[in-house]
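To start, the structure under review is shown below, and the notes come after it.
Chain nomenclature is as follows: A, B and C, assigned in order of appearance, with residue numbering initiated at 1 for each chain independently.
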Amino acid sequence: MKIVVCIKQVPDTTEIRLDPATGTMIRDGVPSIMNPDDKGGLEMALRLKDEHGAEVTVVTMGPMQADAVLREALAMGADRAVLLTDRKFAGADTLATSNTLAGALRLLGYDLIITGRQAIDGDTAQVGPQVAEHLDLPQVTYVEQARLSDDNTLTVRASTEEGYRMLEVGLPCVLTVLVTAGKARYMSVRGIVEAFRREVEIWDSARIGAEESKLGLGGSPTRVAKSFTRGAKAAGQLYEVEPTEAVEIIVAKLREKFII
Amino acid sequence: MDKSQYRDVYVFVEQRGGRMQSVSLELLGKAAELARALGERVCAMLLGDVVEHLAAECVAYGADVVFVADAPQLRDYMTEPYTQVVCQIAREHKPGIMLIGATTIGRDLGPRVSARLATGLTADCTALDIAEGDDGTLLMTRPAFGGNLMATITCRDHRPQMSTVRPGVMRAAERDDSRKGEIVRVTPLFDESKFRVRLLETVSEERETVDITQAGVLVSGGRGVGTSGGFEKLRELAKVLGGEISSSRAMVDAGVMSHDRQVGQTGKTVRPDVYFALGISGAIQHLAGMEESDFIVAVNKDKFAPIFQVADVGIVGDVNKIVPLLVERLKK
Amino acid sequence: MDFSLTREQELFLQMIREFTEKEVKPIAAEIDEQERFPSETVRKMGPLGIMGIPFPAEYGGAGSDNVLYSMCVEELSRACATTGVAVSAHTSLCAAPIWEHGTEEQKRKYLPRLVSGEWLGAFALTEPNAGTDAAGQQTTAVDMGDHWLLNGTKIFITNAGAAELFIIIAMTDKSQGMRGISAFIVERGYEGFEVGKEERKLGIRGSSTCELIITDCRVPKENLIGKVGKGFGIAMKTLDGGRIGIAAQALGIAQGAMDETVRYVKERKQFGRPIAAFQNTQFQLADLQTRIAAARLMVRSAAWKKDRGLPYSVDAAMCKLFASELAMEMTVNAVQFHGGYGYSREYPIERMMRDAKITEIYEGTSEVQRMVVAAELLK
C-alpha cells in the first residue's frame, strides 16, 4: 500500500505572544513545529504500515526550512520525503495549495492520502477536501480511527459534534485526521541519525507540471484584504459592584470574546 | 467571469435527523442583513429526506426563496451527494454569496463545493460585511494564528464568495411566521458512481474523558467555593458555557476534585480562551498554571487577592452569590 | 572548531525534551517519594534507542555518539536525576566496556539486548573495603579450567535491582595487586549470584542501589572481558567514560534547578516587586548561569574527545568535578531562592538538592577527580 501524508510546518501558535505595547504579534523566537493534526495523520499512516506494511511518503509545500518537518517525519518512520518549494507557490490560499499538492500527488501515486484536519496557523480545514476534489477521490474528514477492513476498504471513525460516525470508504481516498487519532510516536535516536543520511527530494513547479495560473498568489481566489490584532491586552479592571451588576459585566465580556 | 450574473445570498441549511441546526438560523439572520445591504434576496438550500416541512421555518427566519432537495440519498449528510446537489443549485442559479455553518458537516462540504466550483472559500468567519461603494464584495473576517491575529479576506473575482461561519457568533433573526417566501423544489441529478463512502453507524455519546488542557472554557474553583454544594453551581456554569471544571490544589487536597483537574505547578498548565478563577486567591503555584489563559475572569472576596493581578476582569464579591446568578442569566 | 549544534543534535534535543516533558517529569516526584525504580520509563526508552546511543547500528545501537549521549543524560536529569543515572550507568558502565573491550562474540551476544533496553546493565567495582582504590578488591575469581568461580560482595551498585547484566570486577591473582584484577560479564540468572537489599538513600531515590552477594558463582570462560589481569585498566577506562555521564547528569540537575528558579523569581513578589528585580538575585543567578554554560562546554568537549579516540580522562575528571560541585551549589541556592516553598516537597527543588549530592560522590568523589587532574598537571 502506498500512503502519502501531507504535512505542514507551522509556527507553534501557543508560543506566540502579543507585544503588550503595540498589540502586534511577536513571531521572533516562536518555534516551528510539525502541525499537530498532521502528526496525528502521520502516526495513523505509520500504524497502518506497522500492521499491514506500506510505503509512507511525506510531502510538504513550503520554503526550504520546511525540510525540518520532513526530517522529523523520516525520524518517526516515514520512508520517503518530498519538499515542494518554488517561489511560484508563494502566497497560495487553500485552493492554490491544494492544486499544488494534487499535482505532486498525481506524480507520487497513492492508495491512501492522509492530511491533518487543519493547520494551527490557518485553522481552515480546507486543503484536504480540496485535494480530494482535484483528484476526484472520496474523502472522510475529522477522522479519529481507521483500519483496513479488507485490501481495498477502510473502516473509519469520524468525529462529530454529538459523537462519531462509522464509515466505510474504498481505496483510494483522502482522510483528514485529528491530532487525537493517537499519541504520535517519538522519533527514535536511530531514526534521527538516519534522517540526515537520506535525501529529501526537492520538487519545483516544473517538476509538478501544474498550470501556473493555478499556483501561488495568482491561483488564489481569496486575498487577505487586511489583518490586525485585537489590540493590546488592556490592563485588567477590578469591579466592586453588586452581584447582579457583576453578572452583566461578565456576560458582556463573554460576548466580546465570542464565548456566548 | 461576468460577476453581474451572480446575485443573492445563499445559505446552506444544515439539518440533522430532520432538525434544523441553530447555526443555520444564525446564518439566515446574517444573510438577511447582507441581502439588505446589497438589495438582493436570501436563498436557503435545504437538503434532506422528507424535510420540506422545514422550508416554512427557513422563511420565518429570513429566507426569501427556499430550494428544497428531498431524496433518500440525502437522508444523512454524506459529502458527495450533498456536494452534487449544492453545486447543481449553484451552477443553475449563480449565487453571489454562499454561507455555510462551520460545523463538522459544513467544513466537510464547503471546501469540496468550492473546489468543484473553482472559487474561494474563507473558513470559520466571525464577522461578515459588504464593502462600501463596491461591487458587492464580501468582507470575511476570521481569526488566525491561534486567535492572535484577525484577518479580513475577500474573494473579488470569483463567484460565489463562499464562507463558513463559526456557530454561535451571528445572531439569529426573530422568528416571523407571517413572512412570505417562495419554495422551489430541486430534483437532484445524482452521479451515483461517485458515492464511494458508506455510512455504517451514527453514534451519539456523552464525552466523559476530560483533558482540561484542551478545554476552551475552564471554570475553576478554589477554597472560596467551599466544600459543600458550591461546586455543583460551577459544574452548571461550565455546562452552560460548554467548558470544563477545574480547581486549585486546595480543592484537590480537600477531596472535592480529582487530581487530573488540578491547575497549577503541580497540576496542569492550561491556556483556555476563558478562565474563571472563582474563590481562588491566586497562590503563585496556581498562577503558574493558568496565567497564559487568553481571558481571565476572577471572583474573590478579598480585593487584595493576587489573582486580580492577572485577571482581565476582577469582581470583588462572593462566588456563591454571583455564580448562581450568572448561571441563571446565561440560561436565558 | 565549531560550537554550533548539528541539525541532528537539534532534532534529538527536540525529541528528548518532548520525551522528558511527557514521560519523565510527570513521575519524577512520585518515584522519588516511593523510592521506586522507573522500569516503565526504561521500557519506553529502549525502543527509541536511548539505551544505546553511542553504539553502532550493527549491534542494534542508535549509531550516534557520546556528545549526543551526554545531551540525553543532561536533558533527562533536568527533570529527573534518577532517570538520568539509570541511562548513564547502563550505557557508560555496562554496555561501553563490552563494546570497547569485549570479544566479537560478547558484543553479538550482549550488546543487542542491552542497547534495545531489553536488559538493563550495571557495573560492580565498589566493595565494603574497596572503592576507587580498586586494588583492595576482595571479590575473587578462580580459574576452574572450564569456568571461573566467583566469590565476594559488592555494594552500592547502581541499577542492580533492575539489571539483568553485570560487569563484575574481581581479583584473579592477589599477588599481582592491580595487575591481578580482571573483569567479567555476569548474568543475573547465574547460580550463586544474588542481588541483595536496596540501599535507602538521601537522593536519587528512584534509582536502584543494591549490594551483590556472589557465592560460588560459575561464570563461563568466554565471559572474561579482555585478558586476565587487565581488569583494573578496563575499570578505570570505564569510569572515565562514566564520569562524562555523571557530569552530564549534574549539569542537567543544575539546569533544571535554574529553570525552576528563573520561573519562580519572575513570579514571586516581595516588597511590591518580583524578586527577579533585586540585584542580589540577578547577580547570583548570572554567576550560576555562567558556570552552567562553562560546565556544558566541558562536558561536550570531553565527550567529543572520546568520540574521536583522543585522550579524555582528565577532561572527564574536570567536567565531573566542575559540574557536580556546580549542581550542589545551584540547588542549594535554588532552595534558598524559593524560601519556604523550596523546602516544601510540593516543589521539585528540595529533591534536586538531595539528588545533586551524589554526583560529588559516585564514580569517583570530587577528591578523586582532583587527584586525577593534579596527577596530570604535576607529572
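One rule holds in what follows: contacts are C-beta pairs under 8 Å (C-beta built on N, C-alpha and C of every residue); 3 or more make two chains touch, one makes a residue touch a chain.
The shown structure was predicted, so the numbers you read here are calculated from the model rather than taken from an experiment.
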Pair with more cross-chain C-beta pairs in contact, given B-C and A-B: A-B
Centre-most chain [mean C-alpha coordinates]: A
Length of the line joining the C-alpha centres of chain A and chain C, rounded to whole Å: 41
Between chain B and chain C, centroid-to-centroid distance (C-alpha), Å: 54
Inter-centroid spacing, chain B versus chain A (mean Cα positions, whole Å): 21
Complex interface listing, chain A residues touching chain C: 68, 71-72, 75, 186-196
Residue ranges of chain A in contact with chain B within the complex: 11, 13-14, 16, 18, 25, 93-95, 98, 120-130, 132-134, 136, 138-142, 155, 158-170, 173, 220-230, 233-234, 236-241, 243-244, 246-251, 253-254, 257-260
Chain B partner contacts - residues on chain C that touch it in the complex: 29, 263-264, 267-269, 341, 346-347
Residues on chain B engaged by chain C in the complex (per definition of touch): 265-266, 284-285, 287-288, 306
In the complex, chain B residues that touch chain A: 16, 79-80, 103-105, 107-108, 110-112, 114-116, 118-124, 126, 139, 143-146, 148-158, 166, 168-169, 194, 196-205, 216-217, 241, 271, 273-274, 294-297, 299, 303, 308-318, 321-322, 325-326, 329-330
